[in-house]
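Shared between the two complexes below is subunit A, which pairs with subunit B and subunit C, respectively.
Let's look at the complex of A and B:
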């Protein structure tokens, strides 16, 4: 078992946002969490990586990552864990990147921070990683500033950085929500390809149920902080049990499916 | 089609170029022609940067086109100036993508949705409250919202307020620029159902910009597909699976579906820069079926017998 979350509860100030969340993840497994905004999806994965925003704290439950209790982690423990063993891809990698530094120098800084590589070794490794992501003109990319790149490009760089150390766990928070359908397809397939190769487990948070169905083996449906339904993705999609899941699946537009009456 | 074919808006050969600082010009819309009929929903799809938003901004009289004309009831609205241009805005109203940025956060909802009416002196100050409640009922919101501020509402509720404001002047044409993209699927469905209901009641014509092909095919009577400032295909919403243009087919293949787990196929490369448009077909560099003629001659949009228009050398051949 790679990650085991049991009966986790999270509160902001006195408001409980997430109640009794359970989640377990094997090596290389992909779990998707879906639900409408405000359902606590993002809060859960932020808690796993110890980066809850101010005022957020865990009020109950346990989290074990590779057998180690995450709630007992010191600052130094988190620093060793984040980046190397667990990494995160954000909704908008553009706002994660420093706007006044070139992509290359940020990537190198990230690598040097978490390893003992020299700068020139790191530069070479970074470029190799971008190549592995099938990114074009990697030399130019390394010299670009974030604002010079398209949203899809920045997202792919965010994924390349997150996957550099072959983490055991990748947390992806709406990684494709800001992208076009074509770029979304590209980012999703690249992410899957690279995670399958490195046997990285993914927790995917999204409100795009089509993407969740395509990528994940297990699905968790959340609503106002609680799990409504959890299980194998195919089973939930073909045979949803709860009323809410049924409504949610019903609302997903399908090409060639039911049209609105005119 | 179940509605009468009365032309409401005719976009005719619109070209919009922007000058960039180094002296070159960026072509956002390259000779676009479209017709909107009464009571019809016209979807416009395409990747970001294909010129969809520029096109509707010229329709909204926010940009003056470089060339071409837009006729609303026989009047070229791009040539209107001063008071005539202002008066014409009553007929075309818009709903924006991000409703948080479309409102003044310090105005009450009732003042927000009645502001267009006050601007055209249609109602008096003391009628605002009553009119606001009426508009809120149309968008299926509780009358209590009249006294609230946009800050303490959810995204779906705010988008309903945006629709209420756009409908206040009883326009003939409603332009929705990615109006539901920021919403969750369940909320999106409710907003879209509301739009369809209002359209039926008021015989409204809607231009619906969206990059979600599945949603567009569900909602729109006709769908126009744009690529690099050009319209490459216009087809009926219920016949979207019969799309023939290679770009539309590529878009369809990149949609993640719940029901049929078809293998996703990727469209290689990126949209070329609109600063130097290629000679010939705009889609040539990414098209798998590109031939010699595609590199030399730009295909024109041709209308088939069944109301399906395609701009592609391979189809007309």
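Let's look at the complex of A and C:
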């Protein structure tokens, strides 16, 4: 078992946002958490990386990653875990980068933080990684600032950075929601491809049940901080039990009498 | 900012400058009292009408307004700002005489202010709502509430009179004499800037890129020094530019309290003596100063913020 979350509860100040969350993940498995905004799905994955926003804290439950209790982590333990064994991709990876520093310098800073590579070795490795993500003109990309790139490019760079150290777990927070449909499909395919190659497990958070159905093996449907339904993706899609899941499924656009994942 | 834009700004500055010089010139022209009499009068001496008329002609003050204005502005272009009645010397020389006092005071006050407010502001932001934050905020509130002339007098009383660490009488620019006025200025400014630094750092700490860096496992110390501070600097540079302008214009109250030979004290004296050419020169200096500093601030932004250099969105 790679990750085991049991009975996890999270609160901001005194408001409980997530109640008794359960989740388990094997190596290389893809789990999707779907639900409307405010359902607490982002909060769950933030908690797994120890990056809850100001005022957020865990009020109950347990989290085990590779058999280690995450709730006993020190600041240094978290730092070593984040970006190395577990990485995160955001809705807009560009805004998760310092706006006034070049992408290259931030990529190099990240690589050097978790390895003993020199700066020039790190620069070379970073470029190779961008190449692997099918990004063109990697040398120019390294010299660019985040604001100069398109959403799709920024997202690919975010994935390239997150996957650099071949993490065991990738937490993807609405990774395609800010992209147009064509780019969404490309980014999703690329992300899946690279994760399958490195045997990286994914927790995908999305409000788009179509994307979730396409990518995941297991599905968790959340509403107001609680699990509404959980199980194998195929089973839930074909035979949803709860009314809420049915509503979500009905919200997927229909083309020619058929519902498509994309 | 590209070169073309900088040229645009310089042309704008020239136009503003013409406006400023015109208004400053009007100040003298419309002011009561005869400048020639003021120039010639020393003590109770009586000056003959012929001498007055002669000097008036010499100075060109018998000419119509526009001729005088053109003469004055051509003079300025050649570095001649006229004669100071009270100092009995060219205005440019008088300003030049007072500049070292103001410059040294401004530089030392800024340095002390930065040494206090930057660390305090950062600590206050990082340990937000901890005891140390409340303590620093309390001190800064105190600093803002105390008028600086009063702080100056108290410092003079304690460190000058009671402890005898620093000389009380000013008058000349020297290292031991600059300490108290510089500290007095720095106290008031630090109180203000500590809050500004705190707000700017807090604002940046809440940005997404900080979360991003944390999820990449970058240590908080590095996030703070390499990312948060450079970003937090940006809004502070405009403020710092204004403060430098304010300081270089002379800080009259502090200079009076410490009898410090700077531009502020000179300006107050010039106004008291109705020394209009000197007041004119002073106003011109302030205008030039603010325009120059604003231009420098704008240019510096293009180097510090790539979004402006490359014309991206802000």
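The criterion applied here is as follows: the second predicted complex is superposed on the first by the 257 of 262 C-alpha atoms of A that agree within 3 Å, B and C clash if a C-alpha of one lies under 4 Å from a C-alpha of the other, contacts with A are read in each partner's own complex, and residues count from 1 in each chain.
The rule is simple: a contact is a pair of C-beta atoms (placed from the backbone, for glycine too) under 8 Å apart; a residue touches a chain by one contact, two chains touch by 3 or more.
This one's a predicted model, so the numbers in the text were calculated from it and none came from an experiment.
Aligning the two structures on subunit A places subunit B and subunit C next to each other without any clash. By the touch criterion defined above, A:182 reaches subunit B but does not reach subunit C. Look at A:159: by the touch rule set out above, it reaches neither subunit B nor subunit C. Using the contact criterion defined above for the overlaid structures, shared-chain residue A:219 touches neither subunit B nor subunit C, since it reaches no partner.
Within the superposed three-chain model, A:150 lies in touch with subunit B and out of touch with subunit C [touch as defined at top].
Contacts of A:110 after superposition on the shared chain: subunit C is touched, whereas subunit B is not.
After overlaying the two complexes on the shared chain, residue contacts for A:87 are found with subunit C alone; subunit B is out of touch.
After overlaying the two complexes on the shared chain, residue contacts for A:97 are found with subunit C alone; subunit B is out of touch. When the two structures are aligned on the shared chain, A:228 is found in touch with neither subunit B nor subunit C. Taking the two complexes aligned on chain A, the least Cα distance separating subunit B from subunit C is 9 Å.
Common to the subunit B-facing and subunit C-facing surfaces of subunit A is no residue whatsoever.
By the touch rule above, subunit C contacts subunit A in their complex via residues 206, 208-209, 211-220, 222, 226-227, 230-231, 234, 304-307, 310, 312-313. Here subunit B touches subunit A in the complex through residues 2-3, 47-48, 154-155, 184-189, 192-193, 196, 200, 211-215, 217-219, 221, 237-238, 240-241, 250-259, 261, 264-267, 270, going by the rule given at the top.
Here subunit A touches subunit B in the complex through residues 36-38, 150-152, 180-186, 188-189, 207-211, 213-214, 237, 247-262, going by the rule given at the top. Only residues 49, 51, 53-54, 75, 78-84, 87-88, 90, 92-93, 95-101, 109-110, 113-114, 145, 147-148, 161 of subunit A touch subunit C when the two sit together in their complex.
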